[in-house]
Amino acid sequence: MDFNNPKTFSRLFGLPMNALLYFLGVFPIVLLIYVSFTDWYPIGQQYFWDSHFIGARNFIDFLRDPLFGMSVLRTVIVVVVAITLEFVFGLILALLFVDRFPGKAIFVSIAVLPMMSVPAVTGYIFRMLFLYAGPVNDVLSAIAGTRVSVGWLTTGWLALVSVILMDVWQWTPLMFLILLSGLLALPQDPINAAYILGASKWQTFRHVMLPMMKTVMLIAVVIRTMEAIKLFDGVFLMTHGGPGYSTQTVSLYLYEIGFKYVRFGYTAAMAITVLLVLALFTRYVAIRPLRPKV
Amino acid sequence: MVKVTLQGLTKTFGEKPVISDLSLQVNDKEFFCILGYPGAGKTTLLRLIAGLEKQDKGDVYLGDRLVNDVHPGDRDVAMIFQNLALYPNRTVFDNMAFPLKVRKMGRTDLKNRVQEVAKTLKIEHLLDRTIVNLSGGERQRVAIGRALVRRPQVFLVDEPLSNLDALLRLEMRAELKRLQRELGQTFIYATPDQLEAMSMGDRIVALKEGQPQQVDVPEALYNSPRNRFVASLVGSPAMNFMEGSCKQADRRMMLDVGPFKIDITRFQETVERAAGSELILGIRPEHVRVSRGRGRNSTCEVVVYVVEPLGGEMILHLGVDAQLIKALAPPGFEAKYGDRIWIEFDPDKIYLFDKKTQEAIL
Amino acid sequence: MGLRIENLRREFGELVAVKDLNLTVETGEFVSLLGPSGCGKSTTLNMIAGLLHPTSGRIFIDDVLVNELSPRDRRVGLVFQNYAVFNYMTVYDNLAFGLKLRKTPKNEIDKQVKEVADFLRIADVLKKRAGGLRLDQLQRIAIGRSMVVKPSLFLLDEPLSNLDPALRAVMRVELKKMQKELKQTVMYVTHDQLEAMTMCERVAVMNKGELQQYDTPTVIYHHPKNRFVANFIGSPSMNFLDCSLVEKDGKALLDAGAFTLDITHLHEIVRAQATGTELVMGVRPEDIEIMNQPSGADSVPTSVYLVEQLGAKSLVSMSLGNTIIKALTPGGFRADVGETKWIRYQRDKIHIIDKKTGKVAV
Amino acid sequence: MNRRAIGILRNLFRYVALVFVSLLALFPIYWMFSTSIKLANEWVATPSVWFPSKPVLLNYQFIFSMSYEYLIGRVPEEAAAFYPFSWASMKPIFDSLILSTSSTLIALFAGTLSAYVLSRYGRKGAPPPTFPLMYRMFPPVMVIIPVVIMYATLRLTDTYLGIIILYSTLTVPLVLWLMKSFFDEIPREIDEAAILDGCSLFGAFYRGVLPLIKAGLAVTGLFIFMLDWSDFMGVLLLGGRNVVTIPLKLAEYTSGHGELYGPMAAMGVIAVIPPLIFGILIQKYLVRGFTFGAVKA
């Protein structure tokens, strides 16, 4: 073999990564598709080839499953609200950091600490914060003047709010960092040009800086959306999807069906469908601003 | 120390042909310049010779050796890249020794060779410094040094001077030329700067969209450009061009370019043989004479737009109708914005081009 | 008075970027701020535009003190080096930007934008997005965008440096024409001495934050005040030869080692101006004559080092002792390397510079 | 009001805002830390205890003493007295270290090679560039579900190898894009000069480019380590008995047997220390990491 032939060389160099991706990428997906058409229930049938082929029953079943629909809706709510808040806070924060001022480096380091925390630990921390006798209620009491006892984790919609707040706390820093990079990378000349042409600070921001930030803002939102859809660890440790089903996101629901009730065939069908929807989303919406120029 | 022969070289990137059917020969010990605007395919041509890019068609010979399938490292050519491609955090010595280390040269030999080259380039005192601490001119020398240590057969140089400031560029130009003379080696040098090519090249190829327009010595490119492109590429300030058509009148042949007519009767035969009646008149600014008053041979009256003093002489940008004409005025000529003056062409120094083919007729 | 700058100073920490600058520009005048990179010209420009606050000193635009005014209230137009056009807007919106901010009625905006677009010849691209346009079009947009708001002072920051040489020549003429037609006060910042010398009525040469000389191009070229200006202006640049003043038999001789030059006629001036006998002789390449035979007492033998053909001119480098002297001769000059030629300085064109202070005495 | 006064006022406003933001960012972490040094009666109280009355290390001793099953129903105060430090209790930390380190190295190796090919030779040979990116975008549950099925068949469940393969595969797309962004910053001419100097293609990579990219490798490595270290779902579904990482242990404390807030907090503190340190070290590159190299700070 001639390793100085670029083709041979690049095949060789690509080999390890291809091996990983095909082993845990292509192979399992094929398996998943097969299983989704069976009634595989690993407690009764040890191997997947012991299962029975049942056609599209799994797909029809879960589309009728109200719990699944609700989990999708909840995920959408969490994603939309959390991303909106993160974007607004992130942008404000980024604007605070655009100029140079003494202590900037330290404040940036502090502001981005939350995103470095382990998500599972974050979930646990927020579980403590939102206890009946937790510090959040303390602060609210101090503001209200009387003892406030909000059951953050025991009231359905408040638990969802808590989950959103947790995501906002952990991931606003990422939004902030991306937007700050965008702001700092803005060419100064068009901004100065606008000032000289008579624009006020606000007008310059609105008509010059924002349009130039479009790509970066898109990237920030897309990245965060993708990550927010994944939301699992934190919620799992914070509420376990409870109380009842009130914080059960798609990920948690899949987990529960798949591993508590071990209905593998059914889970596989749901997973396939969600994967397909997300793949289309990624292919046509998300990947565009991200695709590196190859 | 070898000639380079290219035969029917073709290279396309995607749909776009970058080099198309190019054949030329670079002689032994020649300083050969590739001159063309950015995007003309100069760098691609060098990379094809080096083997960094594989041609779609055609052959590359170094000496008599066909090197189409030879690995770049075995072609025995050195290339000096536009961005120099030095290792920023290593010392000058390490940078220059790298090609020798790759070839597994002994320690003492290696040291001597680097020392020797550093001496020719006057960078001995820099050997222990890292590249990031060097000035632009010094880095330039190191890049040349790295190419020199290998004693390659052919040097390929890709506009290495474009990042230097004007004064340093002038200095490095002379230096590079002297070096080539002393080494007696084949240099192929790509540049977009006609002044650089004219002053350094033994021969020049004018390249346009991957096709050689003319291969010749600098004077020939300047005095008898093959077509309009070459005429406009070479010479500064650039040649004036005016479109016009031929008219017969009283047995004389006149070229009417709008603001004035010019008698081309004595070229009549050539013109009639070569092309139709649509021509382009070309005249270099240095062959446009200006005068304050109307002279006997004056062609037309013009308005002065811009005066560029160039040391003693000055370039006048003159307007007539909608056309701009540049003229080189002698020292002492007085003119300012808005003046009306007269111009006159030296009839022996005009060029005629076919409007359709853009080829030179005269 | 278009612009008046009094004792302008700007410090960045320890660094004094602009040092007590005094400058006036008449209304309608085209003035250039010329200097190498880092000389403080951009800092000065930014202070005039109001993007940077001076450490001390005062700036008047149209006799109004503008120090405390924000950029938007200064009525200046600034064209940036990279044009800073709003890529994402259409050309029309770019041009209308300033007027829209001023709440100009729509039909008025329309009228003015059309007018400017016609004047700058970009009317055909008004509806296109600015992002995809050619560099010269971007530049026209940048100029037009400032033009519509009718500034009293136009600042241009190296506007031609991103264009290729051919386009640069064209835009140079157009800029000059425009300025003349609008009778606009313009301050043009550049590091390219050719641009400054060709386009401007007066040139302010800066170095290390200090104004070196402020005069018309002709005066600056022929009577540079100091060595920096003499070296910076003119291309190829002036030759400098270290020499000392010797008095012998009632004659004053300039001894440069390889030759001596009789400067008795300048003796008085030199003695009055210079601080010692250590001098530098400066002579421009075009003021040196090359001869095959010695003629007259002033002829100096040299050996040819390098001949560069520049088309209309040949640039000859000759070694004289251990220095290299460059001379510009008519094109087509031929000589072998090492061949002996005689040179003669045009005596009234030499400059004598005090070595210690760098001041030009003659 | 002159310029200077406005400037001072603006700065004042900025600092007030920044202090507020800092408090918000730091408070939850502080709360975990303070809980980890509180005595049991202060873990949960009304009103809650903001500053531990008597800071103790008992909770840490508790988690590093004998394994948790023996301690049900006891509080750290008494546990510490009876049960000394045990190596067995360190297992989650060792497991986290082993899994994160080896997965990081494997992903770094595989991803870097592919990134180089992608940067220099384009798509030919390299993995299809958008495929790994998509892989990264899907919620892990969905990616892991088929893996669970496959591992069950291959008997890889609850093995180190299985989880290392999973981690490597999940993070290798990030390595690919990150390292590609670093390779793209090195001019192509560096490799080409090396090739002309006589290097093989591998030599150009190994001797020419790799030394210039050490910093990028380090950054990418630390970033990937942070992600692997933070994983919870992977071990939740594929580990359990044989493989127990810190987050999994943390989850164990929360399930069922009464809330041991103090030891949990101590475990949490230990879990977040490495990512916090690494995160601050590579802060400049975090944006690039999370955006697949698309945004460079």
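Going in written order, the chains are labelled A, B, C and D, and every chain counts its residues from 1.
Basically, a contact is a pair of C-beta atoms (placed from the backbone, for glycine too) under 8 Å apart; a residue touches a chain by one contact, two chains touch by 3 or more.
Nothing here was measured: the structure is a model prediction, and the numbers come from that model.
Participant: What chains, if any, are shared contacts of chain C and chain D?
Facilitator: Output, common partners of chain C and chain D: A, B.
Participant: Tell me the chain pair with the top count of C-beta pairs in contact.
Facilitator: Of all chain pairs, the one joined by the most C-beta contacts is A-D.
Participant: Let me have the rounded angstrom distance from the C-alpha centre of chain A over to the C-alpha centre of chain B, please.
Facilitator: The mean C-alpha positions of chain A and chain B differ by 57 Å.
Participant: Centre to centre, by mean C-alpha position, how many angstrom separate chain B and chain C?
Facilitator: The answer is 26 Å.
Participant: How many angstrom lie between the CA centroids of chain A and chain D, rounded to a whole number?
Facilitator: Averaging C-alpha atoms per chain gives centres 16 Å apart.
Participant: Among the residues of chain B, pick out those that touch two or more other chains and give their numbers.
Facilitator: 71
Participant: Got the chain D residues that touch at least 2 other chains?
Facilitator: Chain D, residues with two or more chain partners: 200.
Participant: Spell out the residues on chain D that touch chain B in their complex, using ranges where they run on.
Facilitator: Against chain B, chain D makes touches at 187, 189-190, 192-200, 203, 207, 211-212.
Participant: Report the residues of chain A in contact with chain C in the complex, numbered from low to high.
Facilitator: Against chain C, chain A makes touches at 187, 189-190, 192-200, 203, 207-208, 211-212, 214.
Participant: So in the complex, which bits of chain C are touching chain A?
Facilitator: Touching chain A from chain C are residues 49-51, 70-72, 74, 76-78, 80-89, 97-98, 101-102, 142, 145-146, 149.
Participant: In the complex of these two chains, what residues of chain B are touching chain D?
Facilitator: It is residues 50, 52, 71-75, 77-79, 81-85, 87-89, 98-99, 102-103, 146, 150 of chain B that touch chain D.
Participant: Which of the residues in chain B come into contact with chain C in the complex?
Facilitator: For this pair, the touching residues of chain B are 37-38, 165-167, 170, 173-174, 177-178, 181, 192-195, 198-200, 218-219, 222, 232, 234-238, 284, 286, 305-312, 315, 317, 324, 328, 337-338.
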